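All chains are identified by letter, namely A, B, C and D, in their written order; residue positions are counted from 1 within each chain.
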Amino acid sequence: MTQSKLPLSSEHIAIIVIAFLGIVVAPYLNTLPPTSWLYISDFTLNLWGKYLTLAILAISVDLLWGYTGLLSLGQSLFFILGGYAFGMYLMLQIGVLGQSKSELPDFMVFLGYTQLPWFWRASHSFWFSVLAALWVPALVALVFGYLAFRSRIKGVYFSILTQALTYAACLMFFRNDTAMGGNNGFTDFKLILGYDIRAPETQRALYIITATTLLLIYLGCRWLTSTKFGKVQQAIRDSENRVLFSGYSTVSYKLFIFVLSSMIAGIGGMLYVPQVGIINPSDMAPDKSLEAVVWVAVGGRGTLVGPIVGAVSVNALRSYSTTAFPEYWLFLQGLVFILVVLFLPKGLVGLWTSIVEYISKQEGGLRGVWASVMESLMKRKGATK
Amino acid sequence: MKLLYHNITRLLLLFLLAGTLGLHAQTPSGGNTRQLITEAILSSGDEQKKKISELINADDVALTSTILTKWRKSEVYIATDAGDKKVPYTLEEDKPIRIDNGQPLTLPQGSAVETDGALRKAIASTLNLLGIADPDPKVRQGAVAKLGGQQKAEYVPLFKARLEKETNAQVKYTLKEAIAITELADASPEIQTEALKTLGSLYSKRSGDLLKKFAGDPSVPERQAAAKSSLVKLENYLSFCETIETMFRGVNYGSVLLISALGLAITFGLMGVINMAHGELIVVGAYSVYVMEGWFTRAFGDAGLQWYFIAAIPFAFVNAALVGLLLERSVIRFLYNRPLESLLATWGVSLVLQQSFRYIFGPNNVPINSPSWLIGNFTILDISFAYNRIFVVCFAALIILLTWLLLTKTPLGLLIRAVMQNREMASCVGVRTAQVNMLTFAFGSGLAGLAGAFLAQLGNVGPNLGQAYIIDCFMTVVVGGVGNIIGTVCSAISIGVATQTLEQVLQNSVLGKITVLITIILFLQIRPGGLFPTKGRGLED
Amino acid sequence: MKKIINFLKAGLMILGLAATIHVAHAQEDKDTVKVGILHSLSGTMAISETSLRDVDLFAIDEINKAGGVLGKKIVPVVVDGASDWPLFAEKAKQLLEQDKVAAVFGCWTSVSRKSVLPVFEKNNGLLFYSVQYEGEELSKNIFYTAEAVNQQATPAVDYMLEQGKKKFYLLGSDYVYPQTTNLVLLEYLLSKGVPIENIGGGLRKDESGKVISAGRYTPFGHTDYQQIVADIKKFAASGDACVINTLNGDTNVSFFKEYAAAGLTAEDCPVVSFSLSEDEFRALPAKDLVGQLGCWTYFMSIDTPANKKFIADFNTWLAASNVAGIVKEKRVTCSPMVLSYNAIYLWKAAVEKAGSFDVDKVREALESGTISFDGPGGKVTFTKNHHMTKNVYIGETMANGQFKILKTFEQVPGEPFLKGTFKAK
Amino acid sequence: MKHLVQAGEKPTHHDFILAAEGVNKVFDGFKAITNLNFYMDEGELRTVIGPNGAGKTTFMDLITGRTKPTSGKITFAGNIELNPLSADQIYRLGIGRKFQNPTVYIHHTVYDNLLLSLKGSRSVFSTLFGKVTSTDKDRIYSILETIGLTECVHMLAGTLAHGKKQWLEIGMLLAQDARLLLVDEPAAGLSDEETAKTGELLLSLAGKHSLIVIEHDMVFVRQIAKKVTVLHQGSILCEGTVDEVQNNERVREVYLGRKAAH
């Protein structure tokens, strides 16, 4: 839409530059000695790694909400399912290095398990776990989506039902009897593919993988939204009936995009776990999904840059404000959400494009704006004299 | 007649205790009651416990009971006179009365006598013995039950004597039960078998464990058979009681859901606003109760505690309605056509409100004392009904009735329905839709406040209270059918009963809840519009 | 090309080196030392954890007024974990890697501790943890001022057995602390000769028939205890029963209100609670609870000059405090608070003994077994296993919201690994 | 040729493009359609009129599978039963529908609107990887010419004027090359000039396609109608030419009579 008005080439250049900075330059700066003023600390890089996984989650939300008009409040479920699927591999990698010095994960030892439950056994395999992080969320999305879309559940109902699904799953994972670590979830990971997961090199590698994955997902979604499929998808958002009466089986389209976005969320979760070092059911509490939706709203829904901008900026704000003013940050966050919804329906990206448009409409571009600002300032000065 | 009772009982007791009490018991001089109690209070250790057990001999049984009861509740105080002599006293209508002579206390007041578990146990034991003859049947019944549980053969004649005179049916039952339970400790298997049979015909809940024990003991086949058949009888009876109790729990849990969700049925169901801050409006109501309780107790003392809740109900409504009004004016009115975005904005509001509560009332939960008429329960068969739960059910019914009347029988209700059905059309015919929206939202919020007032009586009141209810509320409204108050009623009660039944059957709170959620999701596949879908063909996007 | 890069690298390194020397020098100049305070000030856990932040700040002020540690003033870095466990890990990283704090005092829930544990191990940090927990853990970077299971649960059971109780109903929130504690208690009760059918709440076994969960569990934030209370009532009908309660924090309110409404009293069936301190007690109508039991290593009602002074000083400090949003009135003190307070003093003592803030040296000092502190709850001493030896008190709730101490177990050493140590007779 | 058919009477021949027999539809106790019998020949342009609530839109919903009849059956092209089919399947048989309110994809260009409506595979796979051929483009431009929107090809549909949206929607039906077009109030909200143009457009389509047009505007009905069906309270009151219908007493009574009273 508005984006396409920008000259394509400059957009491409921007993507290439940002990707280069993010994927190549930032990790390189991390390898510099800590004394260097260009040095990016392990902490910062790791933090950005986390933000970028959340950005992947945000893209999956936007693919549904911004592009298809389906507000899913269950994306964090898929995100965490991906995380758990991969986390099971990491838990088994701990082996005898854990607190209990047993082959079984610590929490099972506490609870007196003597053998691995059957659904854990395949998770010794790295590739099985990577694939599980994709197909487990996909399967859940497929079953739920099929039922929901077939009964024409949409709009608010879809949101509330996805929320209920997440809540049920959250309660399920909180149970210690589920054998997924209960409230504590998975933590204290030691190894990934034989590498020390806490080593800065491993974390750097994970960061690079995350940033690259995000780029690929971004490009993939760009391509997707530009195909005829993407057009049908947006047509469903704008007028589902018309699409239906144009002969498209909207159920299959919605199902396809729902499953796809659940897999994207799953990938995000899979990358999140090794970088954050913990996964537990409170991350799939209903308000976490809401948060992800808010990132998209803040960044700008219906664009692909928006979710990334939103996820990174809201989380950075949170990281900053929980330290800078721990007593007030919830006020700040709440107010930001309210104000964005009320006054910036197109989010930060929308704000940026309207500024760009405004400037380009002015005579002489930016210079013209500058001139008019200065002029009005001069006038005011004159008036006060 | 009453006097005769007392005398006979006392004689019996004397007879029983004579062996253990020795000389002391032989000198029951009249008017020694106060002296004996005073001594008991002022002594300590095993000596004190002995003295307490001897109080059974005191002349004035009523006085002994009264003072012992007070002692047990830490309502006995000690003042010290000039000669460092300790004078115990109690408060009667706020006036200090000396225990040793019944005269008003002239000394400066002192502090309460502390009691511990063992001491209270000793007091209770004496009170129970005294209680067998208490004029209040409830006290008699409690006393007999406790004594029976001790399985002491020496009490049997006591029970039997009482049984002959007893007129109250329930006390009679308990006496028979106590006798049978005590007889179970007898050495002879014949007596035990008889007792087991008796217990079976009494459906005695208290004897469950004993029946199980004898049913598992094959040494005397006849006795085992009797125990087994009695156990089956008892278990059938108990499962019947349990079923009724579960239904009652389901209905009252449903009522809690209903009260919580009713406000949402208005704001979400009728107005289409997805108000994620609904939970926080509930919290406003709950804190209103807390504030009101504070005012009342400060103004009227303990008497305030009895009535503050009556005043708190409208107060909670008004406060929540005002917050709702503010919310509507400042945020929601801009979002009537963007329901999904109202979800996000109100979620922001809910974060802000939660943190505000932490600021105003502190991050901790606050205590709320229920008025005494909401505490306690009554029992039919072995099914107990708590007063506060019954109150919740009645109150839910009342609120529903009032809401229904408001919506259907008043001009405002007409306006509300008109605006909700077609906002544009209503404004075309001259309805001031902005005002109606505002009032409707405030009304829905006020209902949330009422819910908070009740939840304050049942659970904790803190900044996070609302979060525990918000999803349940939405589910209730959706299952009922959006925009349909009757639907909300039906869905709340069904969800309540289903949850409680599943919890009872599965013996697991979480699994029950998960099952209900999954069932709801599946149910909505079959009936996407809920129990009572909104009529018409309105499928247009 | 490579040469140029290497050249640039070398140049940057030199620049960096200069910067470190500069920074290090600057730090030498300062006469302050940073410590981290990592608690949830928002979200669900703020209910409990905010009090710990308050008492931490109080202790630090007190120490600073008395001259600080090794002549340095302590500067607290307060961060909000926001009841969000991954955020706890992030904040821990920040405290250790960015702020370079000498020690961290924090966490409440087991999951938050588990979440930060790898961070502390990786960065060789020092965490003092002060809330009763399930044990089964011993990290070289964590010091547990908290009650171990044998400083709460087993003494409480001993007391109940002493009182002639024969039936035990196990009730808890569904998370690792109650689950583990109840499994330990199950073993303990069986070892004391209590038959398994007298243990209520249900048992769950795995395929091999081994018990993997004992007792009844409810989720966090559970509000409806009707069914469970009815179950307890049935269980207690034949007398001599008690409830071992490991419900977490505020769910206790719903439970006890229901308990009282059902007509159950401490005399019929006493409840002994391990997570219900004076702080949580404030939210309960005390008269519903009179006579119920608690077991902690500190009670506000302890009648010693040290405790009285602590309470008075804390309230004076609160009144003068200008921390945003701090609650100044009607404050109580409780075990987790005092254990947090102790932690700071113990750290100070260890630093002074080590003569350095270096983590390894401080740890060595703490492990020496000589670091002790006469705190408000009596003398506490760190032992080699990172736990403390301290007094255990059984208390009974009174109408004024305080505990009356019924029994004191003197100087019980904390033992984190209990499972499997009790053998059935 | 019998001009005036009474409700429920079945013509003798059988090769209908659309036949509804004994159709009933009840919404929560409200009878929207009652024992409706409706027959239509291939290539016919049929106009359906009737007062508000007569069941016109419900009838269309029933044909297009948006709701299912309570009883009775509807067949298409002789022998294809529509009842068990879903909306998108019905479309693929060649039944297109224009809604009362113009329903176009407002965030897509006019070109994309038509592209999405072009006849062709509707599978997810083909939309993901299919290419737009030059035949498709030619077809789109020829339709644009038919509906007179060639200049607007790259405009967003949401920015079009109301009349143009109506035409675009008709264009979308043409793009899908439907055998039967259901057109719901195409003249609503149009200027006289636009109405006339719309009428011409519809007339030009008749013969090649079969059309059912629902309309209120009698001027417009006169312009386009050959055969008119009058619906009243969910069943057919009568059928015939405009004049016949207007002269029918019962029609006057329930419909035109009321209109005349205005």
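In this text, a contact is a pair of C-beta atoms (placed from the backbone, for glycine too) under 8 Å apart; a residue touches a chain by one contact, two chains touch by 3 or more.
Small disclaimer: the values here were computed from a predicted structure and weren't measured.
Trainee: Tell me which has more C-beta contacts between its two chains, A-B or B-C.
Mentor: B-C
Trainee: Of the other chains, whose C-alpha centre is the longest way from the centre of chain C?
Mentor: D
Trainee: Measure off the straight-line distance from the CA centroid of chain C to the CA centroid of chain D, and report it in whole Å.
Mentor: 73
Trainee: Between chain A and chain B, what is the separation of their C-alpha centroids in Å?
Mentor: 46
Trainee: Roughly how far is chain B from chain D, going centre to centre by Cα mean, in whole Å?
Mentor: 65
Trainee: Measuring from the mean C-alpha position of chain B to the mean C-alpha position of chain C, what distance in angstrom results?
Mentor: 31
Trainee: Residues of chain B that contact two or more other chains, please.
Mentor: Residues 354-355, 467, 510, 513, 539-540.
Trainee: Give me the residue numbers in chain A that touch at least two other chains, ranges are fine.
Mentor: Those would be 171, 174-175, 239, 241, 328, 330.
Trainee: Quick one: which residues in chain D touch 2 or more of the other chains?
Mentor: 66
Trainee: Using the touch rule from the top, collect the residues of chain C that touch chain A in their complex.
Mentor: The contact residues of chain C facing chain A are 9, 12-13, 15-20, 41-42, 77-87, 89-91, 93-94, 97-98, 109-111, 114-115, 117-119, 121-122, 134, 136-139, 174-176, 179-180, 183, 204, 206-208, 210-213, 217, 219-220, 323-325, 419.
Trainee: For chain B, which residues are in contact with chain A within the complex?
Mentor: Result: residues 272, 274, 276, 331, 334-335, 338-341, 343-345, 347-352, 354-356, 467, 471, 474-475, 478, 510-511, 513-514, 517-518, 520-522, 524-526, 528, 539-541 of chain B touch chain A.
Trainee: Under the touch definition given earlier, write down the residues of chain D that touch chain A in their complex.
Mentor: For this pair, the touching residues of chain D are 64, 66, 86-89, 91-92, 96-97, 99, 103-108, 112, 115-117, 122-124, 127-130, 132, 172, 176.
Trainee: Touching chain C in the complex: which residues of chain B?
Mentor: These residues of chain B touch chain C: 74, 114, 116-118, 120-121, 124, 149, 205-210, 212, 238, 242, 245-246, 249, 252-253, 256, 354-355, 358-359, 362-370, 375-377, 384, 386-389, 455, 457-464, 467-469, 499-500, 503-504, 507-510, 513.
Trainee: Within the complex, which stretch of chain C touches chain B?
Mentor: Contact set of chain C toward chain B: 41-44, 46-47, 50-51, 163, 174, 197, 202, 216-219, 221-224, 226-228, 230-231, 233-234, 237-239, 250, 253-254, 257-258, 260-263, 266-267, 270, 279-280, 282-288, 291, 325, 327, 396, 398-399, 404, 406.
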